[in-house]
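Sharing a structure here in structure tokens format.
Chain lettering (A, B and C) follows the sequence in which the chains are written, and residue indices restart at 1 in each chain.
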């Protein structure tokens, strides 16, 4: 029991505390490739601390939704951090609260809450961002959920830990057609959800602004929460991609060794950051309306994957 | 019986031989070739080839006879028609070459003893006839050609699935072997037969996949429209019948035929172009023949054959007389043609006879065919379909004859008979069904 | 590495090439996509001819390589109007096309595959009925390409895809007599030649008042 509590606490804290770091490493690497000096890798932490100290302003017309949603969304991401294999390859205390599909739906819930809160602010820019996000998300979320359902078809259970264990023990399952399709679709979704080039939803110019417009009216502590949950979301999606799809190996589950998972995850993340970096620096940003095309391709892949896994098993 | 095989081979070779005169005198050579074909087809009745590469029974003979007859009539009619209409899309000698290939591919499909090669033959008819539609080059005829190519090819591709499934089920594609084995009712055979209904149905004009039919018929030059209506569609029906024989799915076929007749009669009612109207009439007649075949009893099949053979002449007559009207008035609109009975008496007689013929008026052969098919539906207990079909046959009858009488009577428009040849061919074609009808009555009374 | 998974991999690439063609606006890249698809099918045919020790399939593969890979691509490419890179189809809405396509495919394929095709037992190696899914998908893909596009080229390519699917179906299920199989190719070739006559005159196909009803 004690080990279980220890495992739970370490996974939770690791996700919470290290998530901004990966964003920082990413920013630094990118700056270096672009021949800039770039900020410190701890810059996201500094940002969060600075924002926590600042005064919080709330638009006059907004309701209670605007003020509490950042905390609610943060809580949802924290819950997801407990139910999917983002550090440990074995179930921990809260894992039983939802399955893989539940995790996907929680992602959608958080996105919905953020959009509702942004609408509540009454700002035009936020409304524009929400309408863009909504028109993209109907494909993005659809693909995400489809991939998660389809993954469960491989092992006939909706438990990501089982999938992970299955992939570790059957190396050949990693190169089956079904798995390759799913990985591809999920990788595309990862790029979209975390706003990387070629999509770059994190950009600040009005023409391409999508994600940032949701934070447009936020300031101070609320903005800090939003930013932090953004980092956590990136970490969660990336870790699922790594642990369930891309590289399921290398994780320890027994008592003292599970602490080794922390450097292992760092290593995996460095690889992922490298891959994303290559994509970011070689591709150009697509036009806003092309994002739908991109998501349609991801969605198509996920549905085809569903079809294939249904037929071949 | 070796002589029979030689006749079958000659039937395929003669139009090709006529095409050798491509650079000089191909029109005359084609007519002579078609004449020889007609004689050969008649001889084929007594001298059948043994079942080997060819498979010719009495049923296929009827189709072969139809093909050669309409081919002969159309080639004679073309002599005048094509030189009068300026053939800009396809040069005159190419027109005859393609027409010969078209005839060969149809004769091939009707004679060959292999489902796969039948499919090849039907595809070949599409390829050889496609360019014929754009003989009189215009924006519409190009569009009609394209629709014909893409729709029919895509549809007939479906049929190939059914060919593969037949090969999978029987291990052979030889028609005589499979039919001798008797009815085989497995899942795959049922699927093969139903897929063939959709696939070859595209070419026959079964309802949801008929859309190319009116376009192609109205834009093609009249002799080619006559060949399409008169023999191309029956040839496709023949191939479908051969597949249907493996496992008769009577009720599906009858329902599809019934729905198509309803659709054809409704569309037919509001057509403003006379050639399109005749095209829908073809669709109606073909589907009636499909029903006759689908009832799968001797009376129905006999009725279908009567209907098909008389219809092919009547419809050829209808398209020839349409061609006469088109070349003298230069319009396809029903509304812009009236009173031609005063200016073009011969054509008017042909038009009236053939429109009565295609709508199934006694004493034309089509009437007896329809009666037999309806009777056969009655004895196979297809009562709801029977009632629907009778109602919509009346619709179609009224629709066609009303439009034709508008064209024939009333105030006369400026028109004159285009020479002697074209009207007389039209009259010959439109009167043959009466002979067939009379022949039926004689035979029938002789038996009774 | 067993051959079955190579066959699956090839078939899946064929499927992806079909989606690639469906999502293209530029005609030249549709033609290239068709080329890749035909080459993949030729590759599959060679692999199957090796697995089944069949000379017929080898000949078929060579025919595919020559007719589809070289001749049809050449014929189509020379017919694309002069300023090649600018020729594209207006109004191609990729997300919409893909979604409708998926609905079309999923419904059609699941019904047809699960009722009929899954119980077919292929004669040729590798004898799993799962392979038959791909020709079916490709068939409906080609059909959808024909119905969803207006330009002559797209419709021809849709038709070529359809015929490709027939070839694939035949080689996966059982070797059909080579004469009939070969005539499928000649058929497509003849069709492309005929349509090249038409494309000179008419580049896209809209509704027409004259041909209504």
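Just so we're on the same page, a contact is a pair of C-beta atoms (placed from the backbone, for glycine too) under 8 Å apart; a residue touches a chain by one contact, two chains touch by 3 or more.
Remember, predicted model here, so these are calculated numbers, not experimental data.
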| item | value |
| --- | --- |
| Most central chain, judged by mean C-alpha position against the global CA mean | C |
| Chain separated most widely from chain C, comparing mean CA positions | A |
| Dominant interface by contact count, named by its two chains | B-C |
| Computed distance of Cα centres, chain B from chain A, in Å | 65 |
| Chain centre separation in whole Å, for chain C relative to chain A (CA means) | 38 |
| Chain centre separation in whole Å, for chain C relative to chain B (CA means) | 32 |
| Chain A: positions in contact with at least two other chains | none |
| Residue numbers on chain C that touch chain B, as the complex places them | 116, 119-120, 123, 139, 143, 146, 152, 155-156, 158-159, 162-163, 166, 169-170, 173-174, 176-177, 179-180, 183-184, 187, 190-191, 194-195, 197-198, 201-202, 205, 208, 210-211, 213 |
| Of all residues in chain A, those that touch chain C in their complex | 139, 175-177, 181, 292-293, 295-297, 299-300, 303-304, 307-308, 311-312 |
| Complex contacts: residues of chain C adjacent to chain A | 5, 8-9, 12, 15, 19, 23, 94-95, 98-99, 101-102, 105-106, 109-110, 113, 118, 130, 133, 137 |
| In the complex with chain C, residue positions of chain B that touch it | 116-117, 119-120, 123-124, 127, 130-131, 134, 137, 139-140, 142-147, 149-150, 153-154, 157, 160-161, 163-164, 167-168, 173, 187-188, 191, 214-215, 218-219, 267, 270-271, 276 |
